[in-house]
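Below, chain A partners chain B and then partners chain C, in two separate complexes.
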Partner chain A sequence: MATTRSDRAFVDKFPHEAAIVKATFLVAFVALGIGAFFGLIQALHRTNVLRVIESADYYTMLTGHGVLLAIVFTIFFLCGVFHWAVARSLNRPAESRLFSWAWVGLMTTGTVLTTVAILGGLVPNLGMSADVLFTFYAPLQAHPLFYIGLAMFIVGTWLAGADWFLSYRAWRANNSGERIPLQTFMVLTTMIMWYVSTIGVAVSVVFFLIPWSLGLIESVNPLLTRTLFWYFGHPIVYFWLMPAYLMWYTVLPKLAGGRLFSDPLARVVFLLFLLLSTPVGIHHQYLDPGIAEGFKFIAMTNTMFLLLPSLLTAFTVVASMEHGARQRGGKGYVRWLGALPWRDPAFTGMALAGAMFAAGGFSGMINAGMNINYLIHNTLWVPGHFHLTVGTAVALTMMAGSYWLVPQVTGTKLYSRPIGLLQVIMWFVGMVFMSNAMHRAGLAGIPRRTAEPQYQNFEFLTPIGSIFELRVQIALGGTLLFLSVVLFLFNILLTSLGDESDRPVDAALPEPLSGPEGSPRILDNLAMWTGIAALLVILAYTLPLAGIIQNGGGLFGGGLPVPATLSAGLDFVVVTVSSAFNTLLGVIA
Partner chain B sequence: MKFTKARALVLIAFSVPLAIELRTVAGFFNVELPLIAVAVIEFLFLALLFVLYGLYGEGSESPA
Partner chain C sequence: MEIHTYEKVWLALSLVLIVGFIATIAYGASAGPGIDMIDDKGGTVDPATLDEHPKFGDPGIEKTGENQYDVYVVARQFVFEPGTSEPLRVPEGSTVTFHVTAADVIHGFEVVGTNANTMAIPGQVAEFTVEFDEAGEYGILCNEYCGSGHHVMEGTILVMEQSEFDSWYEQQEQQTGGEN
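What follows is the complex of A and B.
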């Protein structure tokens, strides 16, 4: 039987959802272009290859680069992917078009305000700056517009999540006994994790940073705002990664010519991320004296558990790819790799992103180890690490996924597969050069967040090669990465301007080899998993936060922070609870 | 299985991290490999790929 385009193309079946996805992708890609340009300027500046800006403006560029790429590009893109995934997997449109446009509008307005505040730093007479970097905790202070824009952006993501939960509730009303479709399950667990984790940054921004920047309060407790930031700052890594995982689990096997190896395993992975992503943020604060070593040790242990879902993912995704290769005639223990569809930029980009994520995972283990972290803390090693994770595993997967998703929401064919292939390869090679040199420079002690890491009468030493080579590597890598983004945007622009096609892309996703039927239904009990996630957060953060407030001079600071111990935090909680209990008894009596 | 341009590109991509880390690996065995040596090895690898592509690539007659 002949199939019309309406049977296949997402844009024909869900035109309004496709419009939302296009809008989110548009903002994401504009942010990608600007952020990548700032990245090129930084790479050339700090390596002293070409300095076109003042070193003081480097930090404006660095803030713009971090916020536009790590927050705006990634989150707008994942909102588009999630909107597509929920409509596709539940086979129903969103409950309210107006509501969908409301969160897109709120996020976009927040982005514009935040970007204006950052770029204001380039115009000295404006009296506006937000050179607070992506990690925007105190004592660095930004213009209030920066924080207000960020708050609007975060609320926009909450509304987006509500949109998808409303779709799920409406679907559930008609499908009471059904298992949650896998893609929707992934979206909902990710959003629950996001709700739990953004509480920290919301409290920090609304109660401390906005009043402080407006002059309503004189001071804040810097360690408290740092801890609240990292309470959100580590799970945001998984907010970036989980959409990439969604594509690796549900799209990559199809592109490889096969099927997902195990649906239940994918559900377990997403639940583990929901449970373990948030109670680990203190591993970013190993060198903060105001947090007791014991809490840091607990955070390290939890972090090591987080390796499990990533290792499960590596197994499942590689098994799915091997299945696909063997369906395409692949043979042997290793030779099957040659049967994979390397011509397809969507497949190749995602596969290369997964390969680099393995390297990023290894360097992440160094970051997570309490003692070995001291070796690389605040060095260029750390940007080297996260350019492998968010900068490649996430960003390259998103760009590669665009080659498959954009034709679905525009109804046009991809403009050029060879350009797409060259683009993803160029990103891989560029990132190899840059992140490898960053890691090695970090081992040599070269600091991060520094415009001019060249000092008089002091030379950094490397065990192999020279600092000059590392600088050239970083500059070369940064240039290749920027060119790769230019190619990507060029390809996507011409794709969206192309003529409509009867069959823009094969959008069907096959059923998994092992479906959800045999797995425990408790996996779908989202209320229970949310409760456990909240409990783990309470256990991990109550005592450290109590200690930080007690030792740092209260909620709004003012005192001198003192080194913390486990017993001091515990004493504070006991005294606070006891006095509250005595007060309650007094009221009752 | 034909040796396609796409496979050649992917092989070149994977050769870059191997070449970059070659000196580190050699260092484990107390062999100090100069940068120029790595560049020559990478160049020879690319030349080999070029020859193989000419022999077994998409435009060639021979079955590979």
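What follows is the complex of A and C.
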């Protein structure tokens, strides 16, 4: 670094951390490119606009699209943001460079193995495939490499979390009376949620799916592995969302020209997500037999309360933006909107992502409503919903945030702001087309995850417009979204190849309007919140899991239904197993 | 901790909204319209010996009372039995309780354009009741990815006029009786 930067950039202060962030972003963006390309092929195929693949290969593409975007892109990006945020907010480097590279290496190796298993499905006669989609519901079976790669990836994320906790512990040793800096607080609470929730998928993969795919056990209990998947499958939604929230709370107000409205309420929001994210997974299983209605009702109630932290976030983010606009001279009840920095792609991308999240939140309320859900379950409505949430609130915030973050770790200026602005607007417009059409197609009963919704015996009817028009919108939207990703990757590539700059980006983050001083210290008591989160999980899951194991033919399924006379003895076994499971939960959490 | 007045108002309104949502669902799901939830009342079945099962071994419709019927459906890659090779026939104005299970992997059973929709999971029986008010034809499709032929997995429900259905049903009964 020969340049002397007036304001020391992140890359100069923490060169090793910047290298880790660059590595995680690189994997994230490669996955984004491949996943988006698969998305384009799917959008054109299922609308019958252009078919370059066999319909059977559609599911290979769909598995790749889901895994590469929803797991690899989002979580590698999260790791980069969190690594940056911890070093920045604690103002100290990670404890061990080798350890940081170890988790990056493990996660990347796992990703490569899983991707190879998936793409193997495109090569005939290879005998390797993993066309099981992102949810890998057994008894559909993937090549063992798929599950092994996934397990390595998850363990890698656990080590990444340990890296950040180690930084925090070292910081705490020198700052015993201090409040946890806000960004670190967000990282740690998110990781605790992740530890609690990944236990489900780890148990499913390590104890059932890997031995089963290797032929060591004969069968699995399909409802059990499915329930364990959703035990993890809903909190992962918040794992995607929390890095976006971290940026909305700590970066967006600054980009808007102001400050965060309230630090304590930001803490409350992250704690609510820690407590409520996991005991809700059964809301993905409203239509599953074998789970009593009462458990579904509990999951529904918890889910509705999850609206609270998001509604609080909407308030804080809008209030912070308004504060920024007024600092910039904005006036009036709504005219202040015009004073916001709409030419800045980082700001505009995040603001548009937030606006779309509001729409996604309301279509999510339909999903969460256990009775209305029957109308749209597993229809195209559902991908319409999550392309607004993970596909825009998260993905667009990550892309927009990159325009501000990448220069901090490369030391180079953003290649082109106008291209960045065009890119984020294109994403927004493309998603308006694709997502509204998907929602409406779902109402007409068109299923999701289907290569070819061209059935012989019936036709879909839509109350407004036509099925043809919906297909055109989906194909057009999908194309715009893919082109938007191409522009993004091009802009980031040229940014990273640019010359070192004296002042790559204004990286200073101002203090919040209300700081943490006046807030109760109990907010920072992470051990207590972890305990409550674990307790809620135990309450929500013990009985449903026990019922599934008992009635569904045991841990490994396949067995005969249990005769009533035997069930008393079996009760004891189930209670023992589930309490051992809960103890395990308690220890790990 | 200082909370801005506007934020307190917003918080209160948010809670009202959430409780309101829960109340409408509680009303819709249990009181009032009483939308029947899929739950564990259908019981379980051994997927390995489904062919020997008294009901799922020969799935189809069975009269249980005045205008009351039970229908047993098996979903397997990539057909509904009955539904795909022959339509699932029910009489107009009847109340039909479906029992749906899967023989191999997880499938979906969705009557297109209605809220009759369930997962079909090996080992589990999904039980739900549908009222067929008008004669006509409905599509059934599998809405859970079940393998490379998932997109061809479809079927039909034929809601027949009572007299037409009765003569078909009688004929079925005689055939089955003859076999026994």
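The definition used in the following text is that the second predicted complex is superposed on the first by the 551 of 589 C-alpha atoms of A that agree within 3 Å, B and C clash if a C-alpha of one lies under 4 Å from a C-alpha of the other, contacts with A are read in each partner's own complex, and residues count from 1 in each chain.
The working rule: a contact is a pair of C-beta atoms (placed from the backbone, for glycine too) under 8 Å apart; a residue touches a chain by one contact, two chains touch by 3 or more.
Note that this is a predicted model, so its numbers are computed, not measured.
Greater residue coverage of chain A by touch, when chain B is weighed against chain C, goes to C. Of the two partner chains placed by the overlay, neither chain B nor chain C lies in contact with A:Q42. Legend: residue contacts after superposition of the two complexes on their common chain; A:N436 is shown touching chain B, with no touch to chain C. In the superposition on chain A, A:E452 contacts chain C only, with no contact to chain B. Look at A:T108: by the touch rule set out above, it reaches neither chain B nor chain C.
Comparing which residues of chain A touch chain B with which touch chain C, the overlap is empty. Taken together, the chain A residues at the contact with chain C in this complex read 55-56, 58-59, 62, 131, 133, 137, 139-140, 221-223, 226, 261-262, 264-265, 285-293, 296-297, 300-301, 304-305, 307-308, 311-312, 315-316, 319, 365, 368-372, 374-375, 377-379, 444-445, 447-458, 460-461, 514, 518-520, 547, 551-553, 557-561. Every residue of chain A that touches chain B in the complex is listed here, in rising order: 338-339, 342-343, 348, 352, 421-422, 425, 428-429, 432-433, 436, 463-465, 469, 473. Contacts from chain B toward chain A in the complex involve residues 1, 4, 6-7, 9-10, 12-13, 16-17, 20-21, 23-24, 27, 32, 35. The touching residues of chain C, when paired with chain A in their complex, are 1-4, 6-7, 10-11, 14-15, 17-18, 21-22, 24-26, 28-29, 33, 35, 37-40, 42-49, 100, 104-106, 108, 110, 112-119, 121-127, 137-139, 141-152, 154-156.
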